[in-house]
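What follows is subunit A paired twice: with subunit B in the first complex and subunit C in the second.
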Partner chain A sequence: MNSMIYKKKTPLLLFLIPAFLFLAVYLYYPFFQNVLNTFMSIGGLGRAAEGWNDPWYENYQRLFTDPYMRTAMKNTLLLIVCTVVFQVGIALILALLVDTIRVGAKFFRVVYFFPIVISATALGLMFNLIFLYKGGMVNQLLLALNQLPYEVKSNGKVIVEWLDWKDQAHFLFTMFMPVLWQNVGFYFVIIVTGLNNIPQDIYEAAALDGADGWRRTRYISLPLLRNVLCTCLVLAITGALKVFDLPWVMFGAGMPENQGWLTGTYMYDQTFNKMNVDYGSTIAVVIVVLGVVLSNVANRVFKPSEDI
Partner chain B sequence: MKRLLALLLVLVMALSLVACGQSAAPAEESAAPSAGTENTEPAKEPVTLNVVTSYGGDDGNRKNFEAAVKSYEEETGNKVNDGSATSNEEWKAKVLTDFETGSEPDVLFFFTNADAEPFISAGKVVSIDEIRAEYPDYATNMKDSMMAVASDGKQYAVPSSGYWENMFVNKSVLDACGIEVPGPDYTWDQFLADCQTILDNGYTPIACSLVEVPHYWFEFAVMNNGALDNQLEVPTVDADGKLVDDAAAQKWIAALNDLKELYELGYFPKNTLTATDAETVAMFGDGEAAFLIDGSWKVGHFVENYADTLDDYVVSYVPGKGDRSASEAIGGISMGYFITRKAWDDPAKREAAVAFVSHLTSDEVLSTFVTTEVTALVNGAKPSGLNALQQSAADANASITGVVGAVQDTITGEAKGDLFANIQNVVTGKMTAEEAVESAIKLN
Partner chain C sequence: MIKKKISVSKILTYAVLCFWALTTIYPFIWVILNSFRQKGLIISDSFSIPMGSAFTWENYITAWERSDFKNAYLNSFIISGTVTIVVVILAGLAAYGLVRYRFKGRNFLYSLVMAGMMFPVFSTIIPVFRMEAVMGIAGTGSRWLSLLAVILPQIAGNLCFAIIVLMGFIQSVPIDLEESAYLDGCNVFQIYFHIIIPAAKSSFATVAIFTFLWSYNDLFTQSFFLRYPQERAITGLLNEISSQAGVNYGLMAASVVLVVIPVLVVYICLQKHIIKGLTAGAVKG
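Up next, the complex of A and B:
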């Protein structure tokens, strides 16, 4: 039966064409148009181009001289590192721990996965309240623990030096923490699935040989998870490049003092607020190129093993 | 059998694609005949109108708008799809983008100044004259002389209530600091002295988010360095993109430097560069800050959210400097209802849209939106039962000796966005005031 299906390619092609057409119209055509837009002068969304830029590579030149773009790149690369280290790292530790317990494993799977299903906008608003300057949850906690300095004025008024979690000293933590926290569950589920696919008899054989829990993890689980971790790394890198909604809700346009840009938020601001569509398109191209290059590098460094 | 099944599946998929493709066709078909025919049949079936206004979020008139929409729906049987949001630069950009991508609403409540020019010049909204050719009674309760005139000489928007911008003060803070409520002769020097006293007493003098809403302070700072008569003069750049050093440029530069001085003196909130407008307004409302420059729309916010302490808030005067007296303020009628070409060309929606705008701008409904603001109503608005804050606004307005529109409304959105985004750079010394003005005006 199977051989008949594979010999006759026409039905397969017929099934592939609608999806291909859909992608061609809604993904590849806009992408190539976007690349073309980077060489043109476009003063607003939906407006016709006013002509070619002079020189035509003006936007690419600007990328290297734009201080905010440098900030966006720096923050985004830092976010990628944090994503790989903390998001995938914490997900791996949690998955290994949950995999070793017999009771409550399902409960923890649901608990850790739950933040994924909450919209980023809602999370952004929630974390805004948590890190609010006056009366925010964290600051109230610090006040209760006497960790915030205060001054009593001559009129008896108490002035508390609230901690500004969005200032230049703290904004990276305030911005990255919710992003990292939200997506741990995603990688957690992928790794737990990978762990479930490791045959139990390997662990049993290792146990018979006297291997303790740490050795079983070090010499069985981690090597056999290599391909899964590689997938997680690629997803984490490309995912971090696209982060937009949560930082935008919490920090808006580059807060504080234009130090808080990410490539995603800077692209949005240039395109939708500054109406500089061609430059926004150029930043979009950078995001795509970075995604392709970095995920390829990750693939080469953590090359998936064909033996697994 | 397999072949038959495969064929059947392909057929189903193809049909579903065709069905998807045709879903937009009826609207296009229904729109097509109306373009060529003058006699449009009135809508028999209830229709759903897509409406976008700035009466969203915490707007003081949100409840009045909801009530007006409800009464319209009950009277006509039509439904209103309300896409309202809070007015800010992002909202304006979104509205303009919707027009450019063909997803504009049927009725839009929007600014009538330069902000509306992109969709007016693109022919995406219908002029009042064109509407009156079919509906002679349309907007006849309004003074034509008070309707905004677009660059093509036509009027498009039916004006709603006007606005004023002035300084709110929190009396409880002033009382605690032993300061009198400012009068119409309030000067800049008195203001600086009061701010220092307030700061010394442990309060924040000025409630303002310089990163989100610096524009009220910018507007008055410009007037303080110029005069009422030349408020609307905008700086220019020469052919090389260099700022022309004229009086307009000088007053804008001086205005930004005034804001820098206030920032350096510590009169803005400590987190003014990271706080949202809602946070700083809450500071004022909670009795932590003394002064707040805002507009007539903020009165409703305090009435709704600070009913218990409403007597603490008073509408006063922005301190005057140079040729400007504190009794001169910013104001006018800056927004109105537009009917889009898309709705006008849809026979099912034309009458519904006209009825909606007529309802929202009727004497009776508009009076519910108005407390102290000016209107273009021929018979005037009849607000009733003013509370203490509204009465103070009415009293302050009675002492106003001159009103002018906001200069920021005369520059492009791109220039405005750049200018206000750079105010934080100016006050922190990362950019000079000259550089900020030049950068913005290059985009004008």
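Up next, the complex of A and C:
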């Protein structure tokens, strides 16, 4: 592969330096500076550090005593579980189904993937309308289906007891559902590609041996999809940790009553609105550590098999 | 007998697939319909098609007049256009260098790029803000500098993904082409521009589309750097509308449509590249 052309190394510098210079200045340096920042005291965004914290691990201590951080962690971990179960799960079912049909397969691909390319801000606004308290789409639907309690006053006026989708009892569903819904298409496309890469003759051999549709799925598709599913798992975990826009637009700062924090929204709020810049950096470090640890665990448990 | 059984399972399959397709499409149709409805009617009768007295352009007129959509579109296109162009150029060169050259530190650079994909924007944004404040780019109140302040970190944030995807494609370009060009007297740069880029054209398109969409849709970086009304890009404007519109639901619906339409057009025109490129990138990455 090492052709004559590429023996002379000088042009290589021109190829690599621009991109890596950019990455060094805007990605790697800030990343390490951010870790350092967690040990410092910083008075405001864009200001220089005023010195080391006393004790230097003060911010990390605070993580464990901060009840909102505990809420944010709890919600984020729950979101990760839901992402893995529902997003990857629904995507897998849809992909297996699409794999069995011919007509319309391309249509479903294009449609399922569409929400991914829409900005989460627009989707957040859209779901705000859908889950609106008084007369949102879901509540109107429930009313039409007679699922909402209402009373008819003596003057003929109908008083409906609307369902508040953002109250303490329902906010997790309302917050997670749009996030999960938006990204199903992403995993769907990945899994469909994985299915297309399985050689057709394996299925033909299995059919000759009398395996029916379900057995083919269980003993051929699923085992051979293992690597792809493992990739999906890691992407789902890191993706869930990056969620910010949708919950921020729909719920703002920790609604309802500081129960609705996620690590991402809490980090933004601490940094920007509360001006606890060094604490915000600490939360960012937690997000990175969580991502690395959880994706490693996922990789260990569902270790991609080497033999394919 | 067997034939009949198959058709029953086929019907079930299509029923499930169509159901999910409906959940994907219907919310958008619902919003579009309601953006043309008299604003008071949305909360009482949102499922019918707005016709006659219920139909109105008012929501769009209000949205366009009350918020500076024109300016926000312009800002968004300046940001995302610049980010896309720079990312494609830099990532193309870097991917080519990493794929074709064998040198010490190659694996190290490759793992740096892989690691870079893992850094969430949360973990770099604060030092970037400080750095740009010191450089005099961020927080100056000047529109053009603020746009630049968003552009630079967005380039870095998209570069790693772009390099990984392009590496996958450049690897699959047969090296014989390059060798014969070399024998004809082309130098490496001519090879890159006349052989590699045309051969990997569709993957460059994919990377460009994704970078553009991610940059256009990003709210987090924008909310850090774009603080003044004249700097606002499209998602920032939308976020502002959502907190200010109050009970004017027609205005909200119209604003959502105004933001989604350009993306919808791009998506329908380019869906082939989008899905093909994504799968290539995801499977290789």
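We adopt the following convention: the second predicted complex is superposed on the first by the 280 of 308 C-alpha atoms of A that agree within 3 Å, B and C clash if a C-alpha of one lies under 4 Å from a C-alpha of the other, contacts with A are read in each partner's own complex, and residues count from 1 in each chain.
Keep this in mind: a residue touches a chain if its C-beta (ideal position, glycine included) is under 8 Å from a C-beta of that chain, and two chains touch if they have at least 3 such contacts.
Remember, it's a predicted structure, so these values are computed and weren't measured experimentally.
Visitor: Applying the touch criterion given at the start, work out whether A:115 contacts subunit B, subunit C, both or neither, answering first, second, both or neither.
Guide: Only subunit C; A:115 stays clear of subunit B.
Visitor: Have a look at where A:272 lands relative to subunit B and subunit C in the superposition and call it first, second, both or neither.
Guide: The answer is both, since A:272 touches subunit B and subunit C.
Visitor: For A:11, using the defined touch cut-off, is the partner it touches subunit B, subunit C, both, or neither? Pick first, second, both or neither.
Guide: The answer is both, since A:11 touches subunit B and subunit C.
Visitor: For A:288 in the superposed arrangement: first (subunit B), second (subunit C), both or neither?
Guide: A:288 sits against subunit C, while subunit B stays out of touch.
Visitor: For A:230, select first, second, both or neither according to whether it touches subunit B, subunit C, the two together, or no partner.
Guide: neither
Visitor: Just to be sure I read the superposition right, which of the two partners does A:100 touch: subunit B = first, subunit C = second, or both, or neither?
Guide: In the superposition, A:100 touches subunit C alone.
Visitor: In the overlaid three-chain picture, which partner chain does A:77 touch, first (subunit B) or second (subunit C), both, or neither?
Guide: It touches nothing on subunit B or subunit C.
Visitor: With both complexes superposed on chain A, which partner does A:33 reach: first (subunit B), second (subunit C), both or neither?
Guide: second
Visitor: Which partner does A:134 contact after superposing on A: first (subunit B), second (subunit C), both, neither?
Guide: A:134: touches subunit B and subunit C.
Visitor: Does subunit A have more residues touched by subunit B or by subunit C?
Guide: C
Visitor: Would you please give the residues of subunit A that touch subunit B in one complex and also touch subunit C in the other complex?
Guide: Overlap of subunit B and subunit C footprints on subunit A: residues 1, 4-5, 8, 11, 14-15, 18, 45-47, 132, 134, 252, 272.
Visitor: Give every residue of subunit B touching subunit A within the complex, in rising order.
Guide: Those residues of subunit B that touch subunit A are 2-3, 6-7, 9-10, 13-14, 17, 89-90, 93-94, 96-97, 99-102, 118, 176, 200-203, 211-212, 270-271, 273-275, 279, 283, 288, 413-414, 417-418, 421, 424-425, 428, 430.
Visitor: Can you tell me which positions in subunit A touch subunit C when the two form their complex?
Guide: Touch residues, subunit A against subunit C: 1-6, 8-9, 11-12, 14-16, 18-20, 22-23, 25-31, 33-34, 37, 45-48, 90, 93-94, 97-98, 100-101, 104, 107-115, 117-122, 124-130, 132, 134-137, 140, 181, 184-186, 189-190, 192-194, 197, 213, 228, 231, 235, 238, 241-242, 244-245, 248-249, 252, 264, 267-268, 271-272, 277, 280-281, 283-285, 287-288, 291-292.
Visitor: Touching residues of subunit A toward subunit B in the complex: what are they?
Guide: On the subunit A side, the touching residues are 1, 4-5, 8, 11, 14-15, 18, 43-47, 132-134, 151, 153, 155, 157-159, 162, 164, 166-167, 171, 252-258, 272-276.
Visitor: Sort out for me which residues of subunit C touch subunit A in the complex.
Guide: 9-10, 13-14, 16-17, 20-21, 23-25, 27-28, 30-31, 34, 42-44, 46-47, 90-91, 93-94, 96-98, 100-103, 109, 112-113, 116, 118-131, 133, 138-139, 152-153, 155-157, 159-160, 163, 175, 178-179, 182, 187-189, 191, 213, 216-220, 223-224, 234-235, 238-239, 241-243, 249, 252-253, 255-256, 259-260, 263, 266-267, 271, 274-275, 278-279, 282-283, 285
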